[in-house]
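I'd like to ask you about the structure that follows.
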């Protein structure tokens, strides 16, 4: 059988590795996954990378590929959803409802709020949108420490360098050294979506099989164990 | 083969402006420290591109600024013995010695390696690297390296300066042999009049970058009027023929109709030799000397007396062996009443003629 | 993943070694040439060449990777040209080696150039008077004398190639067994919560390999230096 | 962003220059010390020191940044200690300089070490017979003779510091005006579709600045070398 | 001050095993290339740590392997004139010269800079860097640098090798003055017998790393039975006193009750001088010579005749000026019927005594 090459956002590694192992065991299809930032992967696909399937951490880069006609018609789906949470280093941090009344600035008390790059990295973009939507952004903008990805923001909070951070629920769930203070309302930011699509590079039955496997009950279990939400709608 | 050199080059604070011809044989470049000797050698080697000038070896033009000719150093095929060694630190002594061999045309490759090594006494050093050699050892390896490149011109920049007398005496004949047998022109930088007298075919005297005197060694050394070398160094060159080697260790020579006796020299009977008799080693006597140890007495008559700056005077004497110069005090000139035309005897001790002052007569034209 | 390292990680180790070695060896001659040109020749555009050589050091690696992708990708002008000659870099281990080589190049050139500048031109002159032509002098005098610099350059290049990540992942992505080098693998582990342990193991391997190479280079360097000083 | 560069980009340019300069200048003495120790001394643990010096070259920058965070963060053992002395790296430009310095260190040490190894110990011996003590010999003989290597090391360090990104952003994150260096800004633009143009402008600035530094170093290097060879 | 040296050190293929004392004055280390001279100097300077041995300057122990004493080079306060220059390439000539000044104790800092510069003829070079100096210029700067460090011991490794005779004649008196006035012990490596004769207080002859002869210069040079220096170099040292400088440029000396005449020397009437009369410059006569130019006639009687290997013999003569050695041919010995006890005249030309063979008598003990 042919080998399927998947380009996937690096934040999906833990879940995807398990699913790939499962698929390989069940079907004998071998699957190679190249994990990197969504932007790097999208550019590589634009420039002729031998990828069969793309799993992006945001919709913007998938849109770019769609515009260039690099997606197999009708294969794009919104695969996963995620939530945005406020985390704290202090295990005793009081839970809070995050809304316009939430006094984040006081909570920070002069400390830093760790986020992914607010102009560039999806987790940061969503976080800034949410804070703006809630009217909190201006109060804390100067306190934000931006990192090159959500994982590093998580690390800043885990090590206590920053008392608070905004990360994906999936990240927070896996890090025992942080405490979730509250979840941002889903309507405070654009929906967090991980779209997937088959690319026009090749047309193999194994690709379709893999896409189907992503939606199998076993896969759902794996994704949900990581804190993702399996979305139903097509892209 | 004749090397002809016309050069001018300016360093800040020093200007070289020299023209001379170096005929086959050994041309000694003589001059004080900083007078431009090494600069001339570098220009001949192609390591310095002079501001202007022409350097040719017979009809092979090595460089000619007027015609834009410039032969790169590696195509000049010369052997340069550098004043400062310049041995290759990463190669063994043996590899240093044979470095130039492969570049010599196949037929002309020197097969004298063993011989050169033995002469220079560097056999035990062959597998060492130059880093830990003594000063004189380095210099000897440098000499060997240049000689073994089978060059068609040798540049020797004070090659014997760091050597002791015994070693000098071993190496000098080798240069003589090169001069005579291989007919390689040799440009030889030296401070030592003994070396000049022994080796030189012609002499170029540099002073502040200018050639102040240039001619055959006999003219330069024997001329009492110029003393670029210092009055002490005046002396006459005598050409003689070996007559016989006596059992008591003396060699009899004949120069003109005069017999001369020297401590045994290596040249076989019949061979032509050249000896330098330093003016300060000659005693003059108005009467035929008796009862004294000096064996060589050359009768002649005074042709000239040239008083020096100091207490000395140089007396030229015409003898059947040729012109002899004697440096004596002006007081003796007066006491003896010497005057031109007077008959006079030159007395020279056998042993006063130093071994390094006796050389084979050069084969080439002088 | 069971055991200390999974097969995919071992693959990454093997690939990184191959990539670093090839990058180092292929770059060395070119680095020597560039270093020699910069140290000893004068030619028009020398400053430009010097700038170009240093470019990968100055640019963020991601930018270098992106430029490589643009140039040497299957769609890139050079990639197309070389592709017709059967040389493909895009998304192959050869591409990872190219990225590593490009990133290591300025380090190697600098080390070698410094060594060349320290060689006494008088020795080269001496060789020329003995009849050696320029290339021959280079091979028999200059090259042996710069060996310490060459070794230093090589080890810098190797270490850099072992650690290079940004340009590599941007240029040839992160495909296990094909372009996933150790640093890429480390990076991916660091992207997910709980991956630190696995990342740490890979870091340890990377360190051990590079230290072994470093040790080797020190030994070689010392032997070479000893030979030259003639002890 | 209006105009060719927005105020935030100019800030990044200024900050990068400051970070790179400070990193280079602060590291230089330490690099000279390390290079001298590695080239000339023998002491127990020399191999270890040599390995440590090279570590930032071998490790992926993100790992280096992470280690810096663990060591020099406000919670880290060294960070705590220095914090009591009033020296804070976390989220400050000083931290960016530290990251850049650490990354540049191996490059500087190598260049300087090569130069030191090329200094003829016989000259140092000569100075000692004239009465100069070791430190004095170092200052008056060794140091002037290794100036070309020092300049080369400095420029390598500066260039590396200008291009460093992974360790910096991991250690001190990206706070505009405080820790947002040029490479961070470039990275930001590259993450979003259509950001290439803005990224390119910043790359151009980075290249121009570094090339200017390179040119300067060449000029200094040539003057220094000329002085030593006595022309 | 006395330098005492006991040394043993092994290089692969070469073993040094030397012990000698160098009293105040100039001790010349004499020996063939590779005999270990530079190695000894390096050990004294502290640049070589010998396998075993003790080196002390009076009661200051510089190194003592038995007691684990080791004074680092920079605390030995000596001036080392290196065989290979070792000038600092990055400093100007002036900076090279003054490099050691600041390390000398304040009171002892040499104020002779101008003087040394003038003597060495390096005034025009002061602002240049050593890179482009000529060989001799480099050597002169190296001499100046060591002298200006105000050392309490000078190590001079063939300091005059690359210098021309005129320059040598200018620099030699300076070493004499150091020897006599500053009382700095000087360990002086040389190949030149003339330098030895002129300068040495004592001589150490090395051969293959062993001291084969060691003693005062008079003993070593005047002893006809040992010729470590070659028979040609035998000669006697005469001590004399300057009587007067005559108008015709001659200086009259008195040695014992004999008057000697030399070309004008610089020492004022009354001063004690030392001259070396080389054995090969002495002619013997059984009758009182007449009518000849040599001004110096020393009557005496034969005390010994030692035939050499070759045709020569060395005749010792007892005169009122001291022992004189004459090297003449065995043939002359026979012809003149020389024998011990016979009266005999030694004839020496005034000009045969070379200026560099005349030195001030050393002040220190010999």
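By written order: A, B, C, D and E. Residues from 1 in each chain.
FYI, a contact is a pair of C-beta atoms (placed from the backbone, for glycine too) under 8 Å apart; a residue touches a chain by one contact, two chains touch by 3 or more.
Bear in mind that the values here come from a model prediction, so they are computed numbers and not experimental data.
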- Note on the structure: Joint neighbours (subunit B and subunit D) are C, E
- Item | Topological distance between subunit A and subunit B, in contact steps | 2
- Farthest chain from subunit B by C-alpha centroid distance is chain A
- Message: What pair of chains is linked by the largest number of C-beta pairs in contact?
- Response: B-E
- Item | Centre distance in Å when subunit A and subunit D are each reduced to the mean of their C-alpha atoms | 35
- Query: Using the average of all C-alpha atoms in each chain as its centre, how far is it in Å between subunit C and subunit E?
  - Reply: 60
- Centroid distance [mean C-alpha coordinates] between subunit E and subunit A, Å: 91
- Item | Junction residues of subunit C, two or more chains touched | 62, 66, 187, 190
- What positions in subunit E touch 2 or more of the other chains? 84, 128, 132
- Could you say which residues in subunit A touch two or more other chains, in rising order? none
- Task: Go ahead and list every pair of chains that touch.
- Result: A-C, A-D, B-C, B-E, C-D, D-E
- Query: How about subunit A: which of its residues touch subunit D in the complex?
  - Reply: 37, 39, 42, 60-61, 63-64, 112, 114, 117, 119-121, 144-148, 152-153, 155-156, 159-161
- Note on the structure: Touching subunit E in the complex, subunit D uses residues 122-123, 125-134, 137, 140-141, 144-145, 227-231
- Parts of subunit C lying in touch with subunit A, wherever the complex brings them together: 62, 65-66, 69-70, 73-76, 90-91, 169-170, 173-180, 184, 187-195
- Query: For the complex, which residues does subunit B have touching subunit C?
  - Reply: 45-47, 72-80, 82, 84, 86, 88-91, 99-100, 103-104, 128-133, 145-146, 149, 155
- Would you pull the subunit B residues touching subunit E in the complex into a rising list? 11, 13, 31-34, 37-38, 83-84, 124, 128, 132, 134-137, 139-140, 157-158, 161-167, 191, 193, 230, 232-233, 246, 248-250, 261, 263-264, 280-281, 283-287, 289-295, 310-312, 326-333, 336, 347, 349-352, 354-355
